[in-house]
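Heads up, there are several structures right after this.
Both complexes shown next keep chain A, but they swap its partner, so chain B is in the first and chain C is in the second.
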Partner chain A sequence: MSTERVTTEPSSTVESSDKPKTVRERRLGLTVRGWTIIGALLTVLFLELAPRLGLVDSFSLVPLSAMVVRALGLLIDAEFLSQDLAPSLLSILVAFIFAVVSGVLIGLLVWRFDWARKTLDPWLATYYAIPTFALYPLLVALLGIGFVPIVLLATLFAVVAMISSTVDGLDGIPRSVLRLAAVLQLDPIQRTFKVLLPAALPQISVGLRLALSYSLIMVLASEFVLSTSGLGHFISNAYNDFAITDMYAGVLLVFVLALGLNFAFAAALRPQSKRVLS
Partner chain B sequence: MGAKVELQDVDRVYGDVQALGPTNQVLEPGTFTTLVGPSGCGKSTLLDIIAGLNKGNGGQVLIDGSPSTGPRRETGVIFQEAAVLPWRTVLDNAAFALETQKVPAKERREIAREVLQRVGLSHFVNHYPHQLSGGMRQRVAIARVLSTNPDLILADEPFGALDEQTRVVLGLELLNVVRQGGATVLFVTHSIQEAALLSDRVLVMGARPGKILLDLNVDLPPDRDPTMIGSPVATALVEQIWTVLKSEAQRAMAEQGPRP
Partner chain C sequence: MSLSTAAAPRTPISRSRGLLVSLGWILILPAIILIGWAILAAIVDSVVFPGPLQSLARLGEDLSEPGFRQSIVSTVTLLLAGWSLAVVVGTLVGFALGLSSFWSAVFETPLFALYSIPKVTLYPVFLLFLGIGDASRLTFAFFHGVFPIALLVMAATRSMDKNFLKLADVLVLPWYTRLRLILIPALLPSIVTAVRIAFGLTLLGLILAEMFSAQSGLGRELVSNVANVRVDHIAGQVVFIAILAVIPGFALRWGEKRITRRYGS
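So, the complex of A and B:
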């Protein structure tokens, strides 16, 4: 019965047997990872020392340690948390959810109906060449400032990444899998949730990460001009008040937030990204 | 007992290419029939029409005496590339057909385990398809087909992508499991030896228009093993099929235009 062999070991040794031990590539005596760490350390050193040594004047840059201390201070400041961090996170979350739900739905329609694809294709292809943010005066005129226009702008910015990745994923489903769905006479709901979306998930998850980044970028950028609260507003406010340490502390928090969300996402989506057939 | 499948003047045209000429055939219940012919001769088209995945332009397909209108649950289809779902374990792949038919979880897992054992995969129930070889993936697909206990199995060059040895072993395995279940099988292949070794009956098909040129009974004992490929009966059969297919293949290559 067993004339064939399993390509990888069945047990928990799959991980190690997947990657045979190879000699790590070295450049100028260091591994690639090593250079990444060196680069990060140099950046940290520069940010700390340049202002202290007077290489950069203290109105332009404050030492990194001062930013970190202030950022930690902000994280236990109830007013900052409720007035700035919470509104931003809420806007990002709402925009992200809207973008994902509508993006996947539109993606399914574009994939399913040729007329929808023909109509939307030119838009999808050129969308990111258009600076969506330039629409903000229009949105201020129509919706005023605050939560609604911010979420709308961020959703508009993020949704196209979701549509494109969903369509890509669906286009990549093997014909035999679609024929299987036909043979088993799946109803549209089963077909969508048990076959189409799981099959497209590796590409959709790329879109998810992009959509999250795009939501975050657009929410923060919008808060600079369209809001009286939020992290973006906090940063622009600090900038206007010459509160330079506050401003950098805000920027630092944005960086940490963006990186943290991205890593969390990558980790959550890792198991399924391995289960791709070659 | 009446015919399992009856084709009455079934044909199919793609543009101005007659992919399948008017075809009349009967598949008797419980028989293993192979359809062999050069690529592009319309054998997959014929299989798709019987599966209800494609419609003929004329004629009709009767299954158990009633006209076919589309896919049916009692028909199992094995595709050329293993139609496995990479995000599901072997067990959940084998249980997938039952799951879509709303069979309770416990029951469908039990059945899935049983069919996986029949195709020799009981040690791999918790594996994912990417951890398996091509032949094992095809066994998973076969297990899923067996899980619904089909009375008609249609296989479209299921082992075409595999090496010769694996192909013979899997073919005989398939023959064995369907004999136990008593299903009628139509097995499409371009391998003449595979056709001779596995089936009760071989239909040889020619191209443009696709038509059945030869209808042969295989006079081998019901229990097959790989050595029978060298037996006088099989050799004579292979030779007979070759004679017809050689001229057919030459003709097809000479006039091969754009494929439909």
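So, the complex of A and C:
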């Protein structure tokens, strides 16, 4: 039934970014990078000029320069740093670590035991159809507003991406590597840490990046909807107080944080995954 | 990573038995969670920690209320509208960009950036421009789901063999023949994956938006119970939302597997 296959990889397409072929090409005298920069400049110009020229009313959008000035001001404001930025970063970090440790453990379990795979496999692909965030009011009602429900929710959201990518990575280990581990007669712990996990690392690192970005999204969302501290709370609070400049400054900081973490992570993992692959 | 489907010849009987077996495996995890919840509730034995039966009874009460039913209708309508909008726009934009590897390279970075930022913090901006109402919720749900579709369809279009399109030009094939013979086989597997991913993201965006500020909707119902600490109502509604999401979730996954098997990926 299945005839020839087109080579596309839906799972990795979102991450792929290197296309050496197209770099030299030019359209209207500009390279890919040139157009990207033009696009960024136009966005900046629009955000700066639209409110100044009255294209958008100044209650809805403030000029970009005002956002940047306010954001820089917040970064030297001790109260903002201790009440908003620090709790967010701490929650993200703790949720990320929980999700990674438990995700890798559950992934090993699923890979090793057939019953675990049969039980969890149908849910791994369907899990993200469920709006996990609906659990947050329940967690708040049970545990009270604070650090614990936020971290729990973010861990629950991030862990499944970690499980899936760990299982994918382990499933992709060549048979010869597994035989080598058998021949060396390693004990289970050595086998796990010296053979299985390093061999699955390229896939696991995809999971790490997803887990980080998912913990960040959930921490900010829970702070945003119902919380008393954190960057998300700062933004929703500013909105409720009609402090629009503060709100946009907060959003700007969140974007810088999210994109910065994402790209730093990608950069840090790239040489490592190459080393494993070669 | 998916379970291998039985290679044995598929008679209707073995197929339906296989379906029952996989349904059984699917139900184990929810069963474990329900039993664990019941045991935990029995041990804690407190008003603020209701068991599953009590929560489902409260859900039954909620379901008989017209206001709650109105919220269900409102959320489901906006979900279907936002989701289909995201699918149509994402597929068209992704396809148009993917036809040129140059323009897909230009737009990949901003699309990926928009995909990976926590968009919920932008929801107040939607409220400022569109007001508190269905328009802002719908637009936000759409915005929450559209980027992965565009990215996945763009990548699939870019990796499609363009020689087939050139051949179609030479043969002067009509558009519907091109669609049937070239585009659908090459793009459909990625499109169904994108449709499935977008379902979850659109629903998540919608629930988030409703929780933050809305006059109706399931997210609104959840939050309004928090203030009164009606934990049993919240738990029942969470179960309801999960069921509401899981059924299309499994249907989409099933459809995706069939299409991937048929067209390859």
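Heads up, the rule we're going with is that the second predicted complex is superposed on the first by the 250 of 278 C-alpha atoms of A that agree within 3 Å, B and C clash if a C-alpha of one lies under 4 Å from a C-alpha of the other, contacts with A are read in each partner's own complex, and residues count from 1 in each chain.
One rule holds for everything that comes next: contacts are C-beta pairs under 8 Å (C-beta built on N, C-alpha and C of every residue); 3 or more make two chains touch, one makes a residue touch a chain.
Since the model is a prediction, treat every value here as computed from it, not as a measurement.
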item: Chain B versus chain C as contact partner of A:R179, first or second or both or neither; value: first
item: Residues of chain A touched, compared between chain B and chain C (which is higher); value: C
item: Chain B versus chain C as contact partner of A:P188, first or second or both or neither; value: neither
item: Chain B versus chain C as contact partner of A:M247, first or second or both or neither; value: second
item: Contacts of A:G29 with chain B and chain C, given as first, second, both or neither; value: neither
item: First (chain B), second (chain C), both or neither touched by A:A199; value: first
item: Residues of chain A that lie at the interface with chain B and also at the interface with chain C; value: 1-8, 10, 14
item: Of chain A, residues touching chain C in the complex; value: 1-8, 10, 13-14, 16-17, 19, 21-23, 25, 27, 32, 35-36, 39-40, 59-61, 117-126, 128-138, 140-142, 164, 167-168, 171, 213, 216-217, 220-221, 224-226, 232, 235-236, 239, 244, 247, 250-251, 254-255, 258-259, 262
item: Chain A to chain B touching residues, read off their complex; value: 1-8, 10, 14, 174, 176-177, 179-180, 182-186, 190, 194-195, 198-199, 201, 272, 274-278
item: Contact set on chain C toward chain A in their complex; value: 1-3, 22, 25-26, 28-29, 48-49, 101-103, 105-106, 108-110, 112-113, 115-118, 120-125, 127-129, 148, 151-152, 155-156, 159-161, 185-186, 189-190, 193, 196-197, 199-201, 203-204, 206-208, 211-212, 218-219, 222-223, 225-226, 229, 231, 234-235, 237-238, 241-242, 245-246, 248-250, 252-253, 261-262, 264-265
item: Parts of chain B lying in touch with chain A, wherever the complex brings them together; value: 51, 53, 70-71, 73, 75-77, 79-87, 96-97, 99-100, 120, 123-124, 127-133, 135-137, 165-166, 169, 173
